[in-house]
Each structure stands twice: as structure tokens, then as C-alpha cells.
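Please go over the structures that come below.
Two complexes, one shared chain (chain A), two partners (chain B, chain C).
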Partner chain A sequence: MSTVLDLGLGVAVLIVTGLSLLARSRLVMSMSFLVLGVLVAIVWLRLSSLDVALAEAAIGTGLLSALLVWLAVRSPLPPGAGRMETSHRLRWLRPAVGLVAGTVLTVVTAAVWVRADHRLPAWGEPAQAQLPDTGVEHPITGVLLAFRAYDTLLESGILMLTAAAVLALSRRGGLSAGSTHQLSIHQASAALPPVPATLSWAARMLTPALVLLGLWLLFAGSTDSGGAFQSGAVLAAALILLHCAQVDLRVFQARWLRPLLVGGVVVFVLAGLVGPLLGLPWLSWEPEWAFAAVLVVEVLLTAGITAGLYALFLALENPEGVR
Partner chain B sequence: MVSVDTISWYLLVSTVMIIFGTVRLLLVRDLLARLIALDVTGIGVLLALVALAARSESSDPVLQALVITGLVIAVAFTGLGAVLIRRIEGLREDGGGGDRS
Partner chain C sequence: MTFTQFSLGALALLPLLAAALTMLLPHPVRRALGVLVALLVAGFTAPVLGSVTSGELTELVLGGFDAPLGIHLRGDGLAAVFLGVTSLVGVVVTGYAAVLPKSTGAHLSATSWVTSHPGFWPLWLGCWSGLNAVYLSGDLFNLYVSLELVGLTAVALVAVGGQSAWEPALRYLFIAVLGSLMFLAGVGLLAAVTGTLDLHQTRSQLDELEDPTLPLLALTLITVGLAMKVALLPMHRWLVPAHSAAPSAVSPILSGVVIKAALVVLLRCWLWALPAVPGMQWLAWLLGGLGVAAVLVGSVLALRQDRLKPLVAYSTVAQIGYWFVAFPLLLHGEHDGAPLGSGAYNGLVALAAGHAIAKAGLFTAAGFLKDRCGTDKMSALRGAGAHHPVLILAMGMCAVGLLGLPISLGFTGKWQLATAAVGAEQWWVLLVVAAGTLLSAAYLLRGIAPLLLQAEVPENAPAAGPVRGRERLGEIAVLIFGVATIGTGLLGAWLGDLLEVGAWW
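Showing the complex of A and B:
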């Protein structure tokens, strides 16, 4: 029974992968990618990874596809969409070489996977044994914010820098423009088409529920599935919905977006520096106040992730040079 | 606890996704198609990691945390890529209709 379900899921994933790779229209590609996200979230559930499924559903499917579909809708048929790079003499040569090389590599790798002797990684037992010292009960949150805190810091740094790069691209005249205290993002809002009243109404109705869900994911993250990234994605989705319903968020965008964006990373670095002051290694916390440190960092990190993801969407709407 | 056959099956699916995503990434011209091919490759890698995490009794938290990190990085580079594509195509439209089709 379970095997049939897994087989079907795998085949569906492969078909949708093929569609999103081989389609000629940008809309079909983006929509297939959206469907792929949904299918893959179900696969994560089948593989008993609830946290990853939540993250995939919120970040991968929700936000990523919002970005890609937006791009596809704005310019559905670009020059040379979906066409392979062809040389002038032998048009079939490159696709054929690609197909043959891909097939050979797949067969070889598949043979390796089938014959491999599976062994469990050696970190399982020590990670389980030291989990109580991290101050949280949920192992994934513990790994993200205690064992691999350095990775998580760099990761939130990447998100912050991406948002900064994107905001720099979206302004008129770069960072040193006259109106530095205001993002020029909202200038495009006049050009948006009128939204149906249903969307505006639904967005306003949904926002409290989404905010509640986001906060629940955030605070549940210490004992159960959830965490900063899932929560940030849900909150960013709520902001994007409000923005699409043309609710006025200009004060928030101008005043709060950038402090929130930077705040998470700065506080994470500061919390990391407390360790060396007390004679501990960098980015390590004592078990007594570990929970407080992890909670503060996680709340601010969530705010930073929300701001970063929202900035990505906003910048897509009004990049420089697009009429 | 997931059976070994299921894990092998998902590992095979992930291999196909990684390899054909990369092939498409190398061969296609359209920028959005390249970005999506890169994302499909990324999902393939994450699928392999989650399948490997599912081998232990309760799914391995270290690998799952790595996958969540990967998802966030994927959305970061896709967002930057999408904005750059919008910008490049906007410039191309502005630049005297210089479409290279």
C-alpha cells in the first residue's frame, strides 16, 4: 500500500519535473514548478520530515512560486523561450549529447545507490545526548540555533545581503539618491491594476489568521515542529497578500523594513559575542540562559526573515529600467 | 522508520532530478528556464538529503536542519535572480529593441 503511494508520488514528481524543465512557455514552467513544490511537500511528509514539509510549503511553494509566477505573468514569452542553445551546423547535437550524458550519469549513479551499503551517520547519538543543553526540546530548532548556530547566522546574513542587493537594484539612482529615507518602491503602486473587492476583503480577513499561524509556528518551534524560517515565510506571505490587496503599508516599508532586516543578524552576532565575554567559545550559550538567548534570537531572526522575503517581492515589482 | 526500498526509490528520483536539472541548466538559453532548472536541481539535492535522513528511527534532525537551510538559500538566490532577470529584460527592451531572438 505504502509502496504504491510512494511509487505514484515519485512518478508524479518526475512528470512534473519534466514539465517544468521542458515546457516552452514561461507560465507553464512556473506553474509546473509550483505543482512540483506541492508534490515535494507531500514527499517530505511521506519521509516523516514534518518540519521540512512546513518549510517547503511556506517558503518553497508559497514564496518562490509567487516570485516566479510574477515574473512569468509580466513577460510570458521572452525571446527564445525554452529553446536549446543550438550550434549552426548540427542542431540536434547539443540536446543529444545532453540527453546521452544525462542518461549515462543517471544509470551509473542509480547503480551506486542501489548497491550502496547504508550506514547511519555517527553524529546521531551525540546530537541526541547533548540536546538538553541547548535549552529547547525540538531537535531541529536545537540543531539550527545551537549546534549549527554559525551556519544559521551566515544563512540569515545571506538573506539580509540578498535583500540589500535587491533593494539597491530597485531604487532610482542607487543607494545615494536624494530620498534615502524612503524606499521608492511604492511609486509603482499607482500603476497596479484595480483589485477586485473580494481579494481586498479576503486579504484583510486572512491576515489575523496568518499572523496567528506565524506566531504559533515561531513559539511552537522550541517544543514541536516549526521555527523561525517557517514562521517568517508565513508572515511575509501575509504582508504580500496585504500589499496585493493594496492596503497602505508605506509607513511600515519606509520606517520599519530596513531596521527589521538588519536587526535579526545584529542581535544574533551580539548574542554570539556574549560567549567570549564569559570565557566560552564564540556562539555558544550556557544551559541556564540558553533558552532565553535562543528565543530572543529566534524572534528577531523571524522579523528579519519576514522583512527580507517581503523585500524580495517588493523589489521584483519595481526594478530600475523596467517600464 | 521508512523502508529501505522506499528510500532507494526516492534516491533514484532525486538523482534523475539533479542530473536532468543540471543538463537543462547548461543547455537552455532562456534566463527564467535556467533559474527554474537550478531550483529543480536544488530540490533534487534536498530530496536526496531528506531520503537519507529518513533512514534512522526518528528522522535525522541534523540533515533536516540542513535541508531547511537549503530551502532558505534557494529562495534567496531565486529572488535575486528574478530581480536581475527583470532588470536585464527591461534594459533589453529599452535598448532600441535589441532583442536577440
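Showing the complex of A and C:
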């Protein structure tokens, strides 16, 4: 039974991937990408990687699809109508080369991978042994916020700077007018299309539920699957829903978006600095206050990830704003 | 914990903290904070350089979790050399950008395009944090994360150059992401058979492995991915538009240090993570062949440019070739018992470090002229040198470094490369070095000579206007690069001593 399910899932993934690459309409492509994300999340569930499945569903599917669908609705021109010129004489050459190279690479890698003598990760045992010192019970949260906290810190830096890059490309270089030092993402000068009453109503109804889900994912992360990235994605989705339903968030955007965006990274670095002040290496948490440190960092990181993802949506939602 | 160990962490995390803080500040304060942080980072580089000079390798175990569980930062010779070079380039470019804000790009105000870009500051400080993280990292996955930080901020730094820079930036983004993915695939393959991500442990685990196919495949994926990011010849097409469309303060960073980050990761993988596996020679010879092609084709293409910044960018493509010409010689030491041709390794690092300083100077000068005259067309820059004697002098000194004339690190590098080639009886290397030197003399002359010609500059041209005090300060930045190009040539022996620290061979 489960074999049939897995085979079906695999075939479905292939079909939907093909559909999202070969379709001529942007809307079909975006929709197939959305479905692909759902299927891949199920695949991760079947591999019993709940954390990856949650991240895939929240970030890969939820947020990315929201953006893609929005862009497809705004500019429904089929892809290829832009710059990319293909030579008329050897039209088959590029796909052929791509196909051959891809096949060779996949076959060789798969052959080597299957034949190789795999070894279990050597960090499994020490991770179990040192988990009690970190103040959390879920090993993945332990890896993310204690054992390899440095990687997580640099990754949250990447997300923050991605948002910084997108803001820098919008009007006034991400700064606001005058001396207010507030964020000003240029808003469309044309009137927004009217929102159906049901959407507005549904968004308002859904938001409390989404906020609750996001917070649950955040706090569950210390003992169970979940954590800052998944929670931030769900909270950002709530903000995006409110924005699409034309709830007025301008004061929040102007006052709070940028401080929230950088707060996580700033507090993470400062928490990492406590170790050196006590004579320990960077990013050490003492067992006595490890839980408090991890919790504070995780809450602020969630806020930062929420703000970052929402800022990406805001800036990309209105490409004319930066032209 | 010693101060040197503290510095290892601070070098990566202080610029990141500053990048976060600058996002909340108005533009003038961003400039001041940027200069302050640049000086602090240079200050933290000093103890690392000091301890490596005394022959000591500093290691920091982050969070107190030993590998394979945690991440180690290692301040060894290779890291120290590139930390030093990056600090020099970083401090001078930061000062240049703070004094001449119009060199930081162009942004859209409510109505029109304005020169100067406040977004430069968080992005550049974030990029610096990633660069330092790459040099110090002792962990394969952490190398990937740090490289992503560098790549992403570098793409964004190109994009702040205004609308004309967006297409090159997008192209750069695709290449950077594809290269990172190939690197990550290689790292994944390695981790599957070694069970660890630490560089040293990976090496000792792979030593016990009997079947060399998987390490070889992983190394191939890693090498192709990183060669894309370094812009080795057939994969160089993204570099020229990106580096020449970038703002004046960004091009020196990109050509000077950002591509070196990928080179450092490549060296870490070839020399630290993987033991010599059979079949590696083929890959090294392939890289050597591409390197030769890059030296020759890149130089010829540079000769054919009629704008200054693309000429300097093509010169980067040519200089990248020398580093890869050294790769076949790296493995050649095996014949006489030594596990590695350390002469070729020293030559490679000296060439890359010398290139970082000289090219940063040349790109700063080219950007300066472009900002001042409104164009970098060489026909329009005729006679521009009359008002900027210091600038021309400094450009000449940088050109000495790129040519590899004594005294400069470029000369030290070429000398060591040639010596290693003679030792390994690879005479063709001498031919390539000679041809490359002659060609680079030709294109540098083509770039600089028009500036010296007597020409009637029309009175209403921007180049004829009075030179402001700030611009004179900007010229000083180029002069510092020029003097450093010559001055570092005296440090060749010290560089060799530094590189021995943390080298396992």
C-alpha cells in the first residue's frame, strides 16, 4: 500500500514539475509550482522529516507561490516574450545540450551515490550527549540554536540582507523622505483593484488563527518540530493576507518593519558576545541561562524573519514602484 | 579565551552587527559608522596576523562544541594573508566611499535618479562579514553559508549601480546561485561518506576510503561550481558586465576581494578537505589548460575594449588564469616526496593577493574618472590626466603590480610560479607567463596612455571643471593602493613564512 502511495507521489512530482516548466502561461506555471510545493512537503512527511516538511510548506510553497501568483496576475505575458533570444537555425541545440548534460550528471551522481559506502553522521552521539546543556529538548532546535548557532546566525544575516537589498532597490534607496528615518516602500500610485468582501472577511477571520499557529510553531520548537523559520513564514503569511485584504498596515510598516527586521540579528550577535565577556568562546550559552538565551534569540529571530519575508513581498509586489 | 581567539569571532560578527545597525540610520551616520567599523575590523585583523607571524595557529571552537558537532574557526596562514589584504582594500574603499558618496551608486528618489546610495553601507558591511567568515571557516557547510552571504551581497552591490546595472546583477545572481548549488552538492556527497563536515576530519576520513570515485566526483562538482564564481575562462561572461556596471566603490571590492573568497574555498577543498586521490591530476590539468586560455584570451579581449572599466574587468579575467595555471604544479611535488608543490602554492597566493591590491587600485581609478567625466570611453578620457597627476602616478604603480614587474607581489608570485615550473620541468608555464606579461603591458598601456596625451579639453566638459578637495582625497585612496602594490612586494618572504602556518604538508 505504502509503495503504491510513494510511487504515485513520485510520478505526481515529475508530472507537476514538467507542467511548471513547460506551460506557456505564467498562471499555470505558478499554480503547478504551488502544487509541486504541496507534493514535496508530503514527500518530506513520508520521509518522516517533519521539520523540513513544515519549512517547505511554509516558505517554499506558501510565500513563494503567493509572490509568483501575484506576479502572474500582474503581468500575464508568457515567459520568453522578453529578452531571451534563441537562434533560429539551431533551435534544438540548447535543449539538447541541457538534456544530455543533465542526464549524464544525474546518472553519474546517482551511480556513485548508490555504490558508495555510506556512513552515519558522526555528530549524532555527541549531539544526544550534549543536548541537556543547551536548554532545549528537540535535537533540531539544538543544532540550529546551540551546536551550529553560527550557521543560523549567518543565515539570518543573509535573510536580513536580502530584505536590505530589495529595500535598497525601491524608492529612496530604502530610506524614507525627510528626517523621519522610517521605511518607505513606494506604493502603487494607481488605485488598487477592489477587494471582494469575502476575501476581506476571510482574511480578518483567518489572521487570529494564523497568528496562533505561528506562535505555537515558535514555542513548540523547543520540544517538538517547528521553530523560528516556520513560525516566521506563517506570521508573514498572516501579514500578507491582511495586506491583500487592504487592511491599513502603513503605520506598522513605517514604524516597526525595519527595527523588527534587524532586531533578531542584533540580539543574536549580542547574545553571542556574552560568552566572550565571561571568558567563554563566542556563541556559548551556559546551561543555567541557555534556555532563556535561546528563547529570546528565537522569538526575535522569528520577528526578524516575519519582517524580512513581508518586506520581500511588499517590495516585489509592486515592481513598478522601483522603475 | 585569548584576545586573538576573540578577534576570530569578532572579524565575522562585528561587520554583520554593524550591517544590521546601519539599516536603521540616516545616510550620513551610515558613512561615519562604516568608517569606524572598517578601522575596528582592521584592528581585529592585527592580532591574527601577529600570532600567525609568530608561527601560531589560533583556533576558536564556537559555543565550546567540538567538531564534528560544532564549528571551528581557524586563523591559519591562508586566512591571515587574505584577512590582511581584505582589511587593506576594505579600509581604503570604505574611506573612499565615505568621502565621495556618489561613488556608491544611484537610487531613485520620489521623482528622479540621484547619485549616491544609502543601501551600499549595510550591503558592503554584510559582504565584509561574509568574506572574513569564508577565510576563517574550518567547516564545509559553514563555508557554503559564508559564501552565500558574500555572493548575495555582491549581487545586491552590483544592483545599487542603477537601472543599467540590474541586468548584469541578475545574470550574476544566476551564476552565483548555480555555483553555490554545485558546491553544496559536492559537500553533501562528501558528508555522506565521511559523516563529518569539519575540514580536517573530512580529510582523515577520506584517507581511509578505498574507492576514490566519490571524492573525485565531489571535487569535480565543487571545482566547477567555484570556478563559475571565480569566473574562470569559459564561465567568465558574467564578470565583465557585472564588474563594469557596478558603482565605483563596488567594482574594486568585487574584482579585488569577492572573487578571491571563492578561490580560498577552492584551495581549502583541494588542499585541506581532500587527500590526493587518483584522477585528481586530470582535473588539475584541465584547470591548468583553462588557465592558459584565460591568460591569453582574456588579455586579447582586454586589448579590444574601448571603455576603461570593461578593459580593467577583462584584465581580471586574464589574471584569474595565472592562479589556475598553478594548479597542475600544486600536485607535482609528489614526485620528489613532498606531498605538495609548496612553491606553486606560495606563488598562487602571492599572485592573488597582489592582484587584489593592484586591481582594487585600478578599478577605483577607473571609477573615479568615470564619475568625474561622466563616461569611461577612452576616446573621451584623452588628456584627463592633466588635472590628476597623482591619480596617473598611482595607476602606473598598480599597473606595475599587474604586469608583475619588480618590486611587487605580482613579481614575487610570477617568480615563484616560474621557479616551481622549472623544478617540475614544465617549461610551457614560462611561455604562458611571458606571453601574459607582454599582452598585459599592451592593454595597460592602451588603458593608461590616452590619459597622458595632450588634448584640448573643451571648457564646458565636466573633466575641465575645478578639482574639489574631496576628489583630491579620493585620489589619495588610489595612491595608497599604488604604494601598497609596490610596498607589499618587499613582503614576499614573510608571506611564505605565514603560509606555512596551518599547512599540514
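Keep in mind that, in the parts below, the second predicted complex is superposed on the first by the 288 of 323 C-alpha atoms of A that agree within 3 Å, B and C clash if a C-alpha of one lies under 4 Å from a C-alpha of the other, contacts with A are read in each partner's own complex, and residues count from 1 in each chain.
Keep this in mind: a residue touches a chain if its C-beta (ideal position, glycine included) is under 8 Å from a C-beta of that chain, and two chains touch if they have at least 3 such contacts.
Because the structure is a prediction, the values reported are computed rather than measured.
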Chain B versus chain C as contact partner of A:155, first or second or both or neither: both
Which superposed partner A:238 touches (first chain B, second chain C, both, neither): neither
First, second, both or neither for A:120, with chain B first and chain C second: both
Touched partner set for A:17, first chain B, second chain C, both or neither: first
Touched partner set for A:64, first chain B, second chain C, both or neither: first
First (chain B), second (chain C), both or neither touched by A:210: neither
Partner chain in contact with A:284 - chain B first, chain C second, else both or neither: second
Chain B versus chain C as contact partner of A:265, first or second or both or neither: second
Intersection of chain A interface sets (partners chain B, chain C): 109, 113, 118, 120-121, 123, 127, 147-148, 151, 155, 158, 162, 165, 169, 322-323
Complex contact set, residues of chain B against chain A: 2-13, 15-17, 19-24, 26-33, 35-37, 39-40, 43, 46-47, 50-51, 53-56, 58-69, 71-80, 82-87, 89-91, 93-94, 99-101
Residue numbers on chain C that touch chain A, as the complex places them: 1, 5-6, 8-9, 12-13, 16-17, 19-21, 23-27, 60-66, 68-71, 107-110, 117-120, 122-123, 126, 129-130, 133, 141-142, 145-146, 148-149, 152-153, 155-156, 159-160, 163, 166, 185, 189, 191-196, 201, 205, 209, 211, 213-214, 217, 221
For the chain A and chain B complex, residues of the former touching the latter: 2-3, 6-7, 10, 13-14, 17-18, 20-22, 26, 29-30, 33, 36-37, 40, 43-44, 46-49, 51-52, 55-56, 59-60, 63-64, 67-68, 70-72, 74-75, 78-85, 94-95, 98-99, 101-102, 105-106, 109-110, 113-114, 118, 120-121, 123-124, 127, 139-140, 142-144, 147-148, 151-152, 155, 158-159, 162, 165-166, 169-170, 227, 229, 305, 308-309, 312-313, 315-316, 319-323
Partner chain C, residues of chain A touching it in the complex: 108-109, 112-113, 115-123, 126-127, 130, 146-151, 153-155, 157-158, 160-162, 164-165, 167-169, 171-175, 177, 179, 181, 258-259, 261-262, 265-266, 269-270, 272-273, 275-276, 279-285, 322-323
